Amino acid sequence: MTPVRVAVNGYGVIGKRVADAVALQPDMELVGVADVATDYRVRLALERGYRLFGSTAEAAAAMREAGLEPAGDLGALLAASDVVVDATPKRVGAANKPAYEAAGVKAIFQGGEKHELAGVSFVAQANYAEALGRDFVRVVSCNTTGLVRVLGALRSEGLLERARAVLIRRGTDPWESHLGGLVNTLLPEPKVPSHQGPDARTVLPDLDLVTIAAAGPFNLSHVHFAVVEAPRETTEEEVFAALRAAPRIVLVRAGEGVEAPNSVIEIVRDLGRPRGDLWEVAVWEDSLAVSGREIFLTYQVHNEAIVTPENVDAIRAVTAAERDPASSIALTDETLGIRTELIPVAATAGERV
Amino acid sequence: MTPVRVAVNGYGVIGKRVADAVALQPDMELVGVADVATDYRVRLALERGYRLFGSTAEAAAAMREAGLEPAGDLGALLAASDVVVDATPKRVGAANKPAYEAAGVKAIFQGGEKHELAGVSFVAQANYAEALGRDFVRVVSCNTTGLVRVLGALRSEGLLERARAVLIRRGTDPWESHLGGLVNTLLPEPKVPSHQGPDARTVLPDLDLVTIAAAGPFNLSHVHFAVVEAPRETTEEEVFAALRAAPRIVLVRAGEGVEAPNSVIEIVRDLGRPRGDLWEVAVWEDSLAVSGREIFLTYQVHNEAIVTPENVDAIRAVTAAERDPASSIALTDETLGIRTELIPVAATAGERV
Amino acid sequence: MTPVRVAVNGYGVIGKRVADAVALQPDMELVGVADVATDYRVRLALERGYRLFGSTAEAAAAMREAGLEPAGDLGALLAASDVVVDATPKRVGAANKPAYEAAGVKAIFQGGEKHELAGVSFVAQANYAEALGRDFVRVVSCNTTGLVRVLGALRSEGLLERARAVLIRRGTDPWESHLGGLVNTLLPEPKVPSHQGPDARTVLPDLDLVTIAAAGPFNLSHVHFAVVEAPRETTEEEVFAALRAAPRIVLVRAGEGVEAPNSVIEIVRDLGRPRGDLWEVAVWEDSLAVSGREIFLTYQVHNEAIVTPENVDAIRAVTAAERDPASSIALTDETLGIRTELIPVAATAGERV
Amino acid sequence: MTPVRVAVNGYGVIGKRVADAVALQPDMELVGVADVATDYRVRLALERGYRLFGSTAEAAAAMREAGLEPAGDLGALLAASDVVVDATPKRVGAANKPAYEAAGVKAIFQGGEKHELAGVSFVAQANYAEALGRDFVRVVSCNTTGLVRVLGALRSEGLLERARAVLIRRGTDPWESHLGGLVNTLLPEPKVPSHQGPDARTVLPDLDLVTIAAAGPFNLSHVHFAVVEAPRETTEEEVFAALRAAPRIVLVRAGEGVEAPNSVIEIVRDLGRPRGDLWEVAVWEDSLAVSGREIFLTYQVHNEAIVTPENVDAIRAVTAAERDPASSIALTDETLGIRTELIPVAATAGERV
């Protein structure tokens, strides 16, 4: 089978990860990456051996000026591609859509764009089928992806009637360092409910979810605290089973020294993962509590990494390179190294739960 | 009427604030403060003109050695006092209780001690009467005080059936600076529900409250995110009215530039308050949302300051210097400068809600 | 004597402090404060009883709209004033100068403006006489003020031939809370030497000083690390004597528990200072080391507060309300509560050095 | 040639990195790793396929208890090894030395141990030859290694007469998350000069270096600000040439978007390095300034990673597996992926300096 030819437009936090992930897929070919920058970031794309394009003609010219020897502009990239992953900043994707349509390539947008731009908002385990063969799909944001994975896992097993969640978001990205900003305080979002609840409903219709969000002075992950009400009394065992049955969720344990998001990131660094990426949602097993119909959950969403596998699956869905969701997820997970347990569970730990 | 003679044992974050507040009360006399330190902190007690005592004979000796000229040890302080506010570190209060009993002084303990030590856990607006004339009372912790004030205000008005809250606590106190610690991460408490729910029930029996807690890399306040379910449908107006009817709660507005806990602290600094203390719970008006029976609240609890007025009221309660809760609260609030609005609301703002 | 009539234009971090300080001076009258905002900050000016003016006609109109009842615009304020302290953002001061000239009021600018705008850059202890009777004076920035106080103190006593200093600046102001920003990293200023060295020479001509600057993820003070070379061998005693002989410098001691800038701020909070302001430079006594001709210094510059007394003195200088520098400094220091020791030194501590 | 059989005792921040680096060497064999923990960290050692030993008999028993199936205790590990890298916490190494002597294995200690324990303190580029064939060698700490690399590079080229440096250290390690700690402040070390100056002289005798140190609320790297005085006037070109001539130093440029330590770490993450490790010292090219005889330098020392290659070289030195320093360094650098430029320099950038 001919590999799907994939372009990545926007080589930032998400774009560079998607590019690397695409390059690992046996059924895909990374045609090249496009951006508007000429600084160290795109030089590293060249370093990785990727063909570099200017996202605009001007960008291509600036790259040439800077000695970067781009392979052309976006038009050239699209002409050689079947599908483009648009990982440009918020709202730039919408502006790019006509170019994608004109070039006849399918496009995957990110969560910064509106649902209506693509018509289908996507989380692989939730609605892969809905995206099959579509021209445009939107991979939802990191927070929404985390919510859909965890709450969707519970709903699939009949354990979710409604959910209320507090999202404490990272204040900035690890690579950023501007003066001013978020120091020694939380910053609550004034709008309650925050947008993630409605956004999750673009993937899981009728999900009864309200979210409250705030940002904190740290940069390594979001943390969600969710209170779920099941339609009936349940047990920790049932909840664990539901979480384990879903892909891309791992359980971690403070009792084993994994006390905080930074310990989880230390684990994925130790696992040798690229950029210390945590593609899975990490749910704290110790903090998970069930009381009657209520389920209390604390979990970590690695904002930089969580949508990487979703983008890969979205490519397969829109191109119909794979029609079976589970097969696509399995292939993505195997190539990236996504796990069901981050750390090997000792023999004696079997009786833990 | 003879002023109540008050001792403060433990001159730390809470003790020093309570000492200052007591010194402002017309019906109280601050006999002195006791501590075990000889460093800058107790030198500042002398600077303020407080009589200094050693919390132990050894501490008194060390103070003498350090040239601090203490007025004696704890026994001497208690002998001249009617009531002692014990603001020593967690569990030291329990060890001090026999000395208080032997000296025949009443004692106010803090939230680090167990409820059973005192038998009465106290938040002025909730259960002042219960503490009247008791020998021992425990002022609950900052987080529990915040929860009781806000949730108690709603319950009083028939607006609370149950509450679920996420508490993001400050990671350390502003004066502390040890190597190691909480940097660039949240630290979830592994135990869910956290202890604050049961603790609030020592003040508000049968309160249906579950809390989840985590600490963050900041030191200036806790922030609570609460989801309250009322027994019936309600409105924002009703909720605002309930909050305004309760003492020691103020509303703040992101729309007026008060976006985060640090802006609130800036206001109280601008108001000229000692140490930039926020004695009130600050509830964000913009973030307050009501949907059917559900109420969503975001509010700030200034961990250093919130229990100061509670301790003052507790002194009046145990000594029966004032039998009417509202009168005690009003006197405390007037002497400290506790307000019903932190910032003057403009004339035109009257129609806001 | 008629009090000097003072206007403050710009009611931000510096303006509000200068307004409060002016209001405390027996020989000054605060006519009013002007700003462009209508949010909580200017409401608090009204709360303090200050007359509020719009910095522009539009701002005055917006204030009226917001129900703030301003007393007029900048023209009205200047018409009633002898001198204006311009504490507007960087470069706005330059734009305001013609209005001040037209109104015939003298003006004090801040360190964000260029030296040339005023012709005299000012630190009270260094060059008060130079500002006497001038129409325009510029109070230098917080960092430069700190450098001039400490290095000037050493130079006055013949202990400074050259100085090299590393300035670790606070990343943002305590009241600010934008997303993005400085988290979990230092941010070095790419330009070395940084501008503070040349800036200090506007006050202390021929000062041989080179500075390197960086910002850190904290908001409560700058810290300077200076290496000074004296023209001859010296001793710690000589250095301490020089520092003690200069105004607005205090020594603090890690050995007494004052380990870090946040402990120093805790002290000034405990001293009951408005906003927890540290007007003095705090030099660590324990960290001060002398080796041959070299002097190593670590000291704290409270960016929010350090220029407050300088502005007060500058007002006296330009209006010639007081011709003697020492008398002006003494009066400012007494009214504000500026000290020579932050914490009382114990009797036995006399032999410490 | 038989590979050198290497044991790693202490599988923490340094030990795990050294183990991975040893496993990459063609002339070494990693026999196993020993530790006292049974938590997630050692489980990850097993995950990597390393043989796990208990650092003590008790630890081995606890591991067995925890189902970890250790291969034995330290004695067993040493019996199968030629050399042990001791990466245990400060001062534990000294306690371990008799066991190493008894087992007849050579040992590499870390910078937490005193120089006297080993007799030779080591930085590969500075004194490899001195360590040849020794039984004990101490790899100096991260800060000292950074100082020796940079200052040694200048001294080798006759550009260093004396140096004064301010070291702003990271406040904690990325994996740690205790309550309390360093928030919103710097923490100056009270002792000046700090210990790094004398420590650097254990490697570079007679180095005229004084250091001042402080810690900050971040966890991703140390940053040094150094003022070097050359014996004669010099130029930026000479300094760049000296730095480029030395191994394990890279130049980075704020002008290319690499503004702060976190951008540098982003680069090494993008380069796919394990754990985002920066083995080189990163010197800011833009911030490097020369004035007469003075050189001003700003550079980053990645505390987690910088000593990894030094330990590998130290193994070769003590076992005399390689007698030529440059050959050992070259082999280590090639196997790890240590670079002379982190980012590819564009063709046009050649004329930059």
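For the reader, a short list of remarks on this structure follows.
When the chains are written out, they are named A, B, C and D in that same order, and each has its own residue count from 1.
The definition used in the following text is that contacts are C-beta pairs under 8 Å (C-beta built on N, C-alpha and C of every residue); 3 or more make two chains touch, one makes a residue touch a chain.
Quantities reported herein were computed from a predicted structural model and do not represent experimental measurements.
A count of contacting C-beta pairs for B-D and for C-D identifies C-D as the more extensively joined pair. Chain centre most remote from that of subunit C: A (centre = mean of CA atoms).
Centroids built from CA atoms put subunit D at 42 Å from subunit C.
The centroid of the Cα atoms in subunit B and the matching centroid in subunit D are 47 Å apart.
Taken residue by residue, subunit B touches two or more other chains at 174, 176-177, 183-185, 187, 217-220, 259-260, 262, whereas all remaining positions touch fewer.
Residue ranges of subunit C in contact with subunit B, taken from their complex: 16, 37, 39-41, 43-44, 46-48, 65-69, 174-177, 183-184, 256-260, 262-263, 265-267, 269-272, 274-276, 343-344, 346-349. Taken together, the subunit B residues at the contact with subunit A in this complex read 164, 166, 168, 184-193, 210, 212, 214, 216-221, 223, 225, 227, 254-255, 259-262, 284, 286-289, 291, 294, 296, 298. Interface of subunit B with subunit D (complex): residues 171-172, 174, 176-185, 187, 215, 217-220.
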